[in-house]
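For clarity, chains are labelled A, B, C and D in written order, and residue numbers in each chain start from 1.
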Amino acid sequence: MNSFGYRFKFTSFGESHGKAIGCVLDGVPAGIKIDENFIQEQMNKRKPGKNKYATSRKEDDNIEILSGTFEGFSTGTPISIIIYNTNQKSRDYTNVKDLFRPGHADFTYFHKYGIRDYKGGGRSSARETATRVAAGAIAQLMLKEIGISIQSGIYEINGIKAKELDFDYSLNSEIFALDKNIEEEQKQAILGAKVKHNSVGGVALINVKNCPVGLGEPIYFKLDAQIANAMMSINAVKAIEIGDGIKSSSLNAYENNDQINSKGFKSNSSGGILGGISNADDINIKVYFKATPSIFIKQDTVDIYNNEVNCELKGRHDPCVAIRGSVVAHAMMALVLADMILLNMSSKIENIKKIYK
Amino acid sequence: MNSFGYRFKFTSFGESHGKAIGCVLDGVPAGIKIDENFIQEQMNKRKPGKNKYATSRKEDDNIEILSGTFEGFSTGTPISIIIYNTNQKSRDYTNVKDLFRPGHADFTYFHKYGIRDYKGGGRSSARETATRVAAGAIAQLMLKEIGISIQSGIYEINGIKAKELDFDYSLNSEIFALDKNIEEEQKQAILGAKVKHNSVGGVALINVKNCPVGLGEPIYFKLDAQIANAMMSINAVKAIEIGDGIKSSSLNAYENNDQINSKGFKSNSSGGILGGISNADDINIKVYFKATPSIFIKQDTVDIYNNEVNCELKGRHDPCVAIRGSVVAHAMMALVLADMILLNMSSKIENIKKIYK
Amino acid sequence: MNSFGYRFKFTSFGESHGKAIGCVLDGVPAGIKIDENFIQEQMNKRKPGKNKYATSRKEDDNIEILSGTFEGFSTGTPISIIIYNTNQKSRDYTNVKDLFRPGHADFTYFHKYGIRDYKGGGRSSARETATRVAAGAIAQLMLKEIGISIQSGIYEINGIKAKELDFDYSLNSEIFALDKNIEEEQKQAILGAKVKHNSVGGVALINVKNCPVGLGEPIYFKLDAQIANAMMSINAVKAIEIGDGIKSSSLNAYENNDQINSKGFKSNSSGGILGGISNADDINIKVYFKATPSIFIKQDTVDIYNNEVNCELKGRHDPCVAIRGSVVAHAMMALVLADMILLNMSSKIENIKKIYK
Amino acid sequence: MNSFGYRFKFTSFGESHGKAIGCVLDGVPAGIKIDENFIQEQMNKRKPGKNKYATSRKEDDNIEILSGTFEGFSTGTPISIIIYNTNQKSRDYTNVKDLFRPGHADFTYFHKYGIRDYKGGGRSSARETATRVAAGAIAQLMLKEIGISIQSGIYEINGIKAKELDFDYSLNSEIFALDKNIEEEQKQAILGAKVKHNSVGGVALINVKNCPVGLGEPIYFKLDAQIANAMMSINAVKAIEIGDGIKSSSLNAYENNDQINSKGFKSNSSGGILGGISNADDINIKVYFKATPSIFIKQDTVDIYNNEVNCELKGRHDPCVAIRGSVVAHAMMALVLADMILLNMSSKIENIKKIYK
């Protein structure tokens, strides 16, 4: 259950304070140029410690490819990537060792597995998402070969919404802000929470351009359902919306339907997906992140013996996990699309004849 | 890709205007009393033609179990269920045969598969969801054996929200309304759209009580991610929210975290799921449905040759698909939980010893 | 666990004495002409009651396609097939109801599931294999579109081996004999056992011509491994051999290696598979069937309370299950190849560009 | 397709001449003591370079566990293991770079993936099987917790068969010989081939004791079918036999059926499996290995341009791959059984109640 994808399949391993994290990609077609610089660039977008809007924990997140390539190209065999944990300094965990941090997975992991891996969240830590970014980068290398591109950025922070969307701007924003006019206000919300030892939630927006029509495998591997699965699997994500999904539920059909003319769809409230299949219009997805639950304010909780205790955390945290989370959502979108590209190849017998005759 | 679930697995087949639809359930443990009346009751909640808030298409949706039971109990072998389509009257499809209905899957199915099955939506029709309800009923029979119960109802119609939630009331409401004080207003919204040949969107709410702690398989088969997958696979669903997910994204962590005392969680903004695993609190999920795209108002579209044409549908439709959709969402929740119950059994070696020693 | 295949996936259901058996095929590409006559012909090859070399139980095994086709062509949606059991006459099971027939699955099913479905073997009956033949026929329709053909026949009965192989001859032999000079001797072995209320084992041979190079997905979905899986899943099969596999284990490499020249392989001890991937030479597989365990000779056994009792069966049986089993093995080979054809499509990025550019 | 198992799932990666090979185990229950010494002992049984009956290539095959354990116990999260390749000395591959070695996967990999990874076989090398042994050792640690044990040894070399089976003796034999009286003859066959630059085939025998009744998931995940799949996926394996499978095909049912009395089965021609489910008797499996195809005798072949050339290999090889292969087969048996143990847990509703009530 630590694998994602059906044909372009990604398996991750590793805990936040173990020796290393890593992943194995299975199903990557042979012959793709594996540009390690591009992968590292994606890693750097997510890596912690870059600026005051992210946790100050430092991790270089240098990737090492152990298998699956030959002379710089994918070979069709599993590509494995390892990322050593360089910042596992031996902290004093005495004050959190036996207690459940509110909003965290401590409680549920303990009860499920009978083990309290108290070091920094273990497997439930967002550290695992670094491997998704590495895998997603390889997926993007494949998608580029057929012209599909993905963009992402921050739409909303602590209730403050973007009004205009500029994906090029977001690339250079410290918080990946999509609206430069709103960016400063969003930054202040983050820093305002941080100074109070608190954190804030936010919303990321993912956009796909040049997606071919036909991606998505009905009925139980629909494109939107698999995107929802992918996004909801990211730490702190609590809601997911395709196109104008939430607004759509309050509209009538005449307002909401995307009418069509010979040039294509006249509007895009569907977010590029109809009946679970891409319609070649832009795919637009909103991903809703709660605030990082690790805060340095006193909270009520219990320990593993169900004694009521105060939770008083110390250390480092992300004041707004949506920012680095948006990079993970971007990667997950790439992984979903790469998988769907492979799956859709056999939709028609004429495609099969193209390969075998 | 027409199967759902990993261990409690459900495969569906059938088109809206074919001979029959049906499903196969694989992985149902032996020894469960298969109460056919209960299954039929669930079918009746979803079946069309019951009142003026649903399509007037009549289908009895009588289930027939073909295999997998012996003397009334499950045997551990695949349970197959068939539902004959009784209302496939030979209509005149001339006016829609070659065109793509806005908001429908016609466009995407045609481009993916190269075939235009113009009869009532074919596989993309919500008719398929009848099989989910049958399968979900069997999942509920298993969940009942260990005390888990699911409730559901309509939270919002066309922007009109419930203020109080009464799942018992919804059972007897024609529109499964959760708030009896709002019900009439919601009904009027539906009928108001219907009279204008239009339809409206809505939001269903699903609640689970008595769920054991520990359900959900991190990292890529989390409980919330699999719920999102399940719900988004339902026709017309465009967004999904766990607990207070959307609001959570605008809050800070101190507001949003569910603190804990020795009796359990002091609040439930998480919707009963932490780190992708159930925490034994109530699970709460909102499912956002767009309005049924089939409306009888003239719309712009193209035909399969990309000629611009008017789309002028005739016939029957659901003025608010969220209502019957809520029954499907209820069933999908049962299917997810049944699967997670089986998967979680092997989380610890002590569980394995309970079975084999 | 009642599904077979990864992309061309087949799910079966049904018990020998229930209402019906059937299957669902998922992943069949759209646009294949679904020739129902061909499917029925394959069914007829396997159906019981045809001659004195098979059980006298009569079943017409008429297939009915319920979904997945439109105007005679596959649509890309699940193809479901149902076969009603017409010969479930109410027998008197008193003498076998509680006992375990030697060599049968009664003992293991009872202990696994806690239920004794005593009517004719239930799910463990070879009746289930009828659905495999239907599914395999559809797989063959796909394989034919790209020129792959499969042949099969009986190589050995009760130790009596074919010396020459004539797949055309076997088509018209009552026992699918590959060697017309040996056929009579093989027939006599069967009838000799039958008259003593006994049965005999045998070996089927499956041959594939015109298989493209490249089928098989290393390391854990190799072509030969998946063939072994497929064949061993057939009732009464106890061994499986690829090419000259058994002899190969007693040879040295110089004797066993297939050397190569510019026209191809100079010999074919490998059976057309190297490293788990087809090499474009003929695929040859031997499938070893034990004798039908249902015999009408007194045997020692126990009942479900572990009391020692005599097993004295009455009724009808197959005096040599390998004969009808060879038709099932033929079908399973088709299912494996169809799956591998789809899976191999994405082996190289250039294939992906052929579909999307 | 580089994963094996459904619930106890193992994914491997790595090429023979890359930086490292490794694996990820997913689904290992929490709370198992992970005895690294035991794992290393298993590795040492398979590792090359130990004596004159194996290749002289030296690899220490030291395992390093990167994740999935906490304070010496499994945590329920993925266990990843890495094994660095220490002996990848830069050889001169000029004479083999472009040609296909007879009996090897060079030909099929090249045509499937379009790439000639000429360094020592790449992914198709038996080097990959080291990871299976590591994973199988962890499976064995789980099986031991419920008392299941596996034994293995060499039954036949170059046609020379064991007459008596002594699994304890085989533990200390350089060739894992089961019959000490035949061992010397088998050794001479190996050395006789080796001196002629040739190699020989052989047969391994795997035995399981104390297997609970009920393992195996019919119809398409039967215990014997999955064993066949597992064994056939091992390099050089060309046939697989359950119990007395090959002999069974030449017998009649009265000879072959295992009759039953109150103490159990009176014989075991079935090899401990009936209807694809374990019957609690010993499981016995024979695995047929061809001779290592790498030999140092001149052979005919072609290069990647289809020019006819001589293949004249130099270097090191295993004169009988069955010996080290038997360790791999042992490991694969453990992986199959561990998976089946988890899968069988949900066969009956009473089992589910044992966990949840």
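Please note the rule applied: a residue touches a chain if its C-beta (ideal position, glycine included) is under 8 Å from a C-beta of that chain, and two chains touch if they have at least 3 such contacts.
Quick caveat: nothing in here was measured; it's all calculated off a predicted structure.
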Would you mind telling me which chain pair, A-D or B-D, is linked by more contacting C-beta pairs? A-D
Pair in A-C, C-D or B-C that repeats A-B, with over half of contact pairs matching by residue number: C-D
At the largest C-alpha centroid distance from chain A we find chain C
State, to the nearest whole Å, the distance from the C-alpha centre of chain A to the C-alpha centre of chain D. 38
Centre-to-centre distance between chain D and chain C (centres being mean Cα positions), rounded to whole Å: 26
At what distance in angstrom does the C-alpha mean of chain D lie from that of chain B? 45
Please output the residue numbers of chain B that touch at least 2 other chains, ranges allowed. 1-3, 12, 27, 30-31, 76-77, 112-114, 123, 218, 343-344, 347-348, 350
In their shared complex, at which residues does chain B touch chain D? 7, 27, 29-32, 74, 76-77, 142, 145-146, 212, 218, 341-357
Chain B to chain A touching residues, read off their complex: 1-4, 6, 12, 100, 102-105, 107-109, 111-114, 123-124, 128, 156, 158-159, 193, 198-203, 213-214, 216-222, 224-233, 235, 238-246, 248-254, 256-262, 266, 270-271, 274-280, 288-295, 297, 299-302, 306-308, 322, 343-344, 347-348, 350
Contact set on chain A toward chain D in their complex: 1-3, 9, 11-15, 18-22, 24, 26-27, 30-31, 64, 66-68, 70, 73, 75-80, 82, 112-115, 117, 122-123
